[in-house]
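Starting off with a structure, shown below.
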Amino acid sequence: SSGEINFTGWAGYPDLAGKVFPAFEQATGIKVNFTELPDQDTMFAQAKVAIEAGGIDVIEPTIDRWGGWNSNGLLGPWDPAKLALDNYLPGLADGSAGERSRANGELFYVPSNWGTEALVANAADAKLSDVASLGDLFNPDNQVVVRPHSALAAMGRWLDAQGKLPRPWLDGYTDMDAMVQLWDIALAEAIKAKGNVVQWWSGENEANAGFTANGATLGLCWDSTGYNLRNDGYKYIAPAEGAFAWHQGFVLMKNATNIDQAHEFAKFVSTPEGSAMWATAFSSNPVGKGSSNFMNPDVSAYYNGTFDDAALAKLWWWPEQSAEFIAKRGEYADKYKAA
Amino acid sequence: MSAGIDLDNVCCDFGTFRAVDHVNVSIKPGEFFSFLGPSGCGKTTILRMISGFNEPTEGVIRIGGKDVRGQRPNQRPTALIFQNLALFPLMSIWENISFGLEVRGVDKATRRKKAEELLKLVDLPGAADKMVSQLSGGQKQRVAIARALAVEPQVMLLDEPLSALDLKLRQHMRAELRAIQKRTGVTFIYITHDQGEALAMSDRVGVMSHGRLQQVADPRDIYNNPVNGFVASFVGENNVFSGTASPDGSGFARFDTQHGPFRARMAPGVTGKNIKLYVRPEHTILSETPAGENSVAVTVGDVAFEGNFISVTTTSDTGAQLVAELRNDGSTKVPATGGKLYASFDAAAAAILPDETAV
Amino acid sequence: MNKKSNLLYHLYFGAFLFYMFAPLAIMGGAAFNDNKLPSVYPWKGFTERWFVDLMNDQVMWTSLRNTILVALAVVIISLPIGTAGAILVNSIAGRVRAVLYVVMVAPILMPGAVIGISTLLFWNNVSVPPGLHLSVLGQVSYIAAFVMLLVLARLQSFDQALEEAALDLGASHAQVLRRVLLPHLSPALYAGAAIAFFQSIENFNVTLFTRGTSNTLTVYVFSKVRSGITPTINALALMLIAVTAILALVYELRRRRQAKIEAAREAEARRAEEAMAI
Amino acid sequence: MGDLLRRYGTGLTGTFFVLTAFWLLALVILPNITLLEASFRPYLPVTEIGGPKDVYSFDNYRKFTANPIDSNLLAIPVTMPIHTITFLNTVIYSAVVTFVTFLLSYPLAYYLAKIADPKSLPTLILLLFIPLWVSEALRAFAWYIILTLNGPLNAVLTGVGILEKPIRWQNGVFTAYDAIMIGLVYTYVLFMLFPIYGSVQSLDRNQIEAAEDLGAKWWQTHWRVILPHAKPGIASGCVMVFMLSAGSLLVPAQLGSTRSNWFTQSIQQWMLESQDWNTGAAYSFLYILLCMVVVLLVMWIFKVKLSDIAK
Amino acid sequence: MSAGIDLDNVCCDFGTFRAVDHVNVSIKPGEFFSFLGPSGCGKTTILRMISGFNEPTEGVIRIGGKDVRGQRPNQRPTALIFQNLALFPLMSIWENISFGLEVRGVDKATRRKKAEELLKLVDLPGAADKMVSQLSGGQKQRVAIARALAVEPQVMLLDEPLSALDLKLRQHMRAELRAIQKRTGVTFIYITHDQGEALAMSDRVGVMSHGRLQQVADPRDIYNNPVNGFVASFVGENNVFSGTASPDGSGFARFDTQHGPFRARMAPGVTGKNIKLYVRPEHTILSETPAGENSVAVTVGDVAFEGNFISVTTTSDTGAQLVAELRNDGSTKVPATGGKLYASFDAAAAAILPDETAV
């Protein structure tokens, strides 16, 4: 086929425009018009305008957020017939992930790559438990750099793992009453341990500098941070409770004009080569079967060093978070910061 | 081209304060007319009304016979020299001068030439490219004059244009202005508080006080036949005596004062509470023997040298002060302080006038 | 003024310059640091790779061009708007003035995201598609307020008699504005232009929402928060600074030479004048 | 009006009105009407929009006074709604920033206007503008680096022995907002400098000389003659710096400590993270309103009339 | 308290331009000294050097015998009245006046009282709470005077303080200033370009031109015995003749001109290229018959009325212009324009002087 596709995605990954899109165009004749945005909140805002003004076909949010998009009436369903759902690695587009990709029986989300948020530790100075744990983040001997809301979730999961919560932490993501109950506990505990937080991060630069310039010894950060610091004496460690894992993928705008091309595009990123290229561009993990052969060996080696099969099995995927949940989560983050 | 100006019952109020009060005067085309009056009497306000920056609260102003109410300053054929000059600080001297031509679209070379000519006229050759801030006070004033002349207006309004100039230059500029006025036939309305200037330059002079026009007449009349005490004492010096007048019907009157009876001119219609006798120092004669009438025995006090004349202040035995002006022409004998003399004056040189004003 | 206190002021100015430039040294050094983090610390060795990256980054150069075009447009639009606003506020009396003033300065506070989103939605409603032109309009909405404030402060010292003098000499109102008022305002206008220009270059949020598919420098560079901003931007900033500094130097040197020539000419003219007079 | 017409004529006055109207209507008021309207409606899924829950209320605005927490305000313990505290902190520290920029700029403005050789002025001012080529985010990041534990400031201070061991400046020595204030002062000091420079520069030098001649000491001259003359410029500068500081997002985000929160961050959180534009808009309008009240209040306290600023 | 002032070879340069050129003068404590000279001659600059706003490029200034180099204006016991007044526009009138006291820490009530007193002195009672912008030009000047008086300085420096006042007020203020000076014994240094003012008020006058002091003497000497043509013609009017002088050794000389030979005073040391004969209009006599010597046949031209005198411009047959001043004392017969008369002057009233200056 031919034509073009208007794709709005993440900024800062030059390989997308430099390598992936040309390959895609060569394979399909479809040209990608790429709009780069810093975060999915901005993507949401752009989508809200585009739903009236047009101009966007496909966007790339994370799996836990597209629900809010859909409730704002932004998304249209994918046609599974035009995709190749068999291309995906097990557990990414089927199973619970598959369920979370659907609403009212229709498929709204297909994965593009995934990654983790785990412990970045100064090999020399971090005080870790025998088996590194999320609880180490709240050890007063460590100086930590975290995101407020991730820290609260880490606290919740740590307490949960120790059996210190009245009900499972995951309940909070489906039931707002449970959320308040659980997050109140997590907040209180986190505030007690707040003294060892030396910095918040929100982007790669802050996370990185938090360690190198501001002397943090431990952090809960993205894999990319660990990757960037791997040669500076920092390790990327999956905690005993399991690393946080995120999942990002493509959604189709309700008023997309290049439907077929969009499907071609999503399908391309599920092929071994395509998904490998996509994941390499993000320094993250691919979603397609057989893609490992095409990955950058450096990146692969790094991941394999952190995640053995057991660690992979324990990955904790960020659950879906409703608009109401996120608003409440923000409140808790605020209180945590203000404390 | 020149235009006449009529002020018809013109008043101007600032809030509740009446700065100009029912002024009536007709200035003829080509006339050199001066407003003379003390500080704050409303002279500047009149000029601002003529040039359009203030509107009269009452009354009508006509330029060339046409009511100019509502006409904006840039539509009126007048050029005003501001009391504070209002030179444009960010333009060079020649740009200041040629500004009026510039806004009329005259090309640069012509403007420059004209500016240089005018600079020569005001005795500032070579200053063309200086900035305003580089000039001394007097130099600035000359530039302001040149700037107003440049637009060759039908009516020139000059608000004390010479006040910061030295005497020499002032006299040069007086003559220059007068010559320009004669040559161009432009109507000049001139404001000054320098009576010498007003008298020497003007065809007619209007003397003002507290917003009211007291007398309009030619210079000689103003000086020699002032209508009231204010005009008499504002224009030139006077020795003044209080007393009661008894007119004799022949244009003279007997005037009884505490220094004795005098005789002086008294116009028929003169009435009013505050009638006084005025006689000028230059009409006051000092002599060693008493004169026939209007003679007072005095003691010489301060003798002030003022250049072309010498001013002698004397005190009568009754405590009145009399000033006599002597010519410094070499032949004059300057009296010594403390000397006993007689001061006298001619009845025709003294006038009995109502005070009328509250200065 | 006396020399001692002048010396203090000179010292203070020097200290202030140091204060302004110290952070620049930090970020300038980063352009040569072989570290993905835009910082001199930790120092990982000298590299020119950020300059090489910069040279090869076509998008960066396009973005720079867009940025400058947008900034110029913002300057061109916000100067007249801000000046007009200042003149109005200056001449209108009473309560209206306060309301006008508040409405004018309020946009400075408006979060960029709000301006961006509202601009985008509003112009979308009247069928104006997003693009850099919308970025310009969005930016002008608050940048004009800076111009307004600067001009307002300067207007206050204007001697109205100058306006009157010009009118009296027959100038039209437009001529008075151009030849008398604007020259007086020029320091404020230059400062306003500079501030408008740099605020526009700086702008991230408004532009982010309104730009459509075009990039400006700030948006292009600072969108990369997730992957990390690299020192190529430091390299670019350093180059812009270098160009400015060289311009300043050239200007100053030329001025000094000019001044010398001028002084010589003036002395000559005066000698000639004096010779003539005698 | 009459004054305007007299001074500028119909054509120009009209132009001024048209330009200002374009600015205020087309660029400020009309675009915000949609959001203003939205700010009174709840954030609902698209299916419920227009439904029974979609009614006008002040609920979004009320969130400002919800969620009381225990905290400190200028070291005084208080129990207050969390966003109210954020707001008060933002206003207070913006005011401090404004004051510090004023202290820094005034001597500089005076120097540029009255002491520096007027001929080198363009060069000096160009020098001052140089930092602006570096984007605010980078400059904030540079300050972040300077203030970090392993940063140059600590290196210098421990090096010369003033400090025994490095300090985390960013987390605040005096308040949790130290680093933010340092960053804001640095970023906005020029916005104070230029208006003050403009008004000092227009002061007749003879005024200063007259004061000095009458025996005034340098500070008396400044206090009684130069400052009053510069008041409009100071007011303009203060309004600008205050508004810019209060409206800044990058600097507080970059330099904030683990205990600081700037009100713009709260708005940003509603607008973007929570995707709740309705509350985000409500917060922005409320913020603008409150800040303008603060500005007018301060002007009133300092007896700066708008009529002083404007003429 | 009052202090003397010495200027010792004082020069002041602006760039390459020398505004003040080797001025030497000793002003005694309590003296009333005036600098008189044309616009731009450096008067203001001298005052600014004394008050400390400019430093001399060369030479020494001593106040009360003490070299004041490096002393700041607020440390010098001088008070300057600026030519442009420099009133503080943001303070009310009384605050302006009491500013000097305020900075000395005087309490408000005292200051207010003092300000009211001074306002009465300068004839502006009731203006205390007005703002500067509400006053007319002359009223402002009076406030400036009051402001300088308030600090009771040892030396008052006055830069044309009366130039914007009307004659009446000027005379009142002259007398007032003189009285204040006498009463306080403060040294007054007064700048003016009004020779009448300088002559009438001063103990001594220094006449300047182009930055150089031409003559320092008491008023009478300046007027009657000018040292050169510049002083003669700047101070008062003159009829001037060019020619060649042949001194006769007795203090007089024969002076050959194209209008015939004259005889006039000539001081022994007089030399120089440009020697001319000067005679004042008031010493020029018009008569119907020729006088014994120094007599020229003339035709009457313009007759200008100037108040207390009448200025008659005549032209000789050889084309020279001669002005005669007649007293307007009623008895004087004013010649008619076009009339044929003889103009003559006394040899003792005429002086032969070097030109020396380049005005």
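A, B, C, D and E label the chains in the order they appear, each numbered from 1.
Following the convention adopted for this analysis, a residue touches a chain if its C-beta (ideal position, glycine included) is under 8 Å from a C-beta of that chain, and two chains touch if they have at least 3 such contacts.
Computed from a prediction, not measured in an experiment: that's the story for all the values here.
Student: Quick one: which chains contact chain D and chain E both?
Tutor: Chains in contact with chain D as well as chain E: C.
Student: If I count C-beta pairs in contact for every pair of chains, which pair wins?
Tutor: Counting C-beta pairs in contact per chain pair, the top pair is C-D.
Student: Which angle of rotation, from 0 to 180°, maps the CA atoms of chain B onto the equivalent atoms of chain E, to the nearest 5?
Tutor: Rounded to 5 degrees, the superposing rotation is 180 degrees.
Student: Closest chain to the protein CA centroid?
Tutor: C
Student: As a quick test, compute the distance in whole Å between the mean CA positions of chain C and chain E.
Tutor: 53
Student: Give, as an integer number of Å, the spacing between the C-alpha centres of chain C and chain A.
Tutor: Their C-alpha centroids are separated by 40 Å.
Student: Can you work out the whole-Å distance between the CA centroids of chain A and chain B?
Tutor: 92
Student: Between chain B and chain D, tell me the centre distance in angstrom, where each centre is the average of that chain's C-alpha atoms.
Tutor: Comparing mean C-alpha positions, chain D is 58 Å from chain B.
Student: If a residue has to touch 2 or more other chains to count, which residues of chain D qualify?
Tutor: 9, 141, 145, 148, 150-151, 229, 271-272, 277
Student: Please list all residues of chain C that touch 2 or more other chains.
Tutor: If we look for residues of chain C contacting two or more partner chains, we find 38-39, 41-42, 113, 117, 121, 172-173, 222, 229.
Student: Name the residues of chain B that each touch 2 or more other chains.
Tutor: Counting only residues that touch two or more other chains, chain B contributes 72, 84.
Student: Provide the full list of chain pairs in touch.
Tutor: Result of the pairwise touch check is A-C, A-D, B-C, B-E, C-D, C-E, D-E.
Student: Can you check the complex and tell me which residues of chain A touch chain D?
Tutor: On the chain A side, the touching residues are 39, 41-42, 44-45, 48, 68, 71-73, 194, 197-200, 202, 205-206, 209, 212-215, 323, 326-327, 330-331, 333-335, 337-339.
Student: Which of the residues in chain D come into contact with chain E in the complex?
Tutor: 204, 206-207, 209-217, 220, 224-225, 228-229
Student: Applying the document's contact rule, which stretches of chain D touch chain A when the two form their complex?
Tutor: 43, 45-47, 67, 69, 71, 82-83, 85-86, 141, 144-145, 148-151, 168, 170-171, 253-254, 256, 258-261, 266, 269-277, 279
Student: Looking at the complex, which residues from chain D come into contact with chain C?
Tutor: Touching chain C: residues 1, 3-4, 7-9, 11-12, 15-17, 19-20, 22-24, 26-32, 34-35, 104, 107-108, 110-111, 114-116, 119-120, 122-124, 126-139, 141-143, 145-146, 148, 150-152, 186, 190-191, 194-195, 197-199, 201-203, 218, 229, 232-233, 235-237, 239-240, 243-244, 246-247, 249-250, 264, 267-268, 271-272, 277, 280-281, 284, 287-288, 291-292, 295-296, 306-311 of chain D.
Student: Considering the complex alone, what residue numbers of chain C touch chain A?
Tutor: Result: residues 36-39, 41-42, 113, 117, 120-121, 124, 129-130, 208-209, 212-213, 215, 220, 222-229 of chain C touch chain A.
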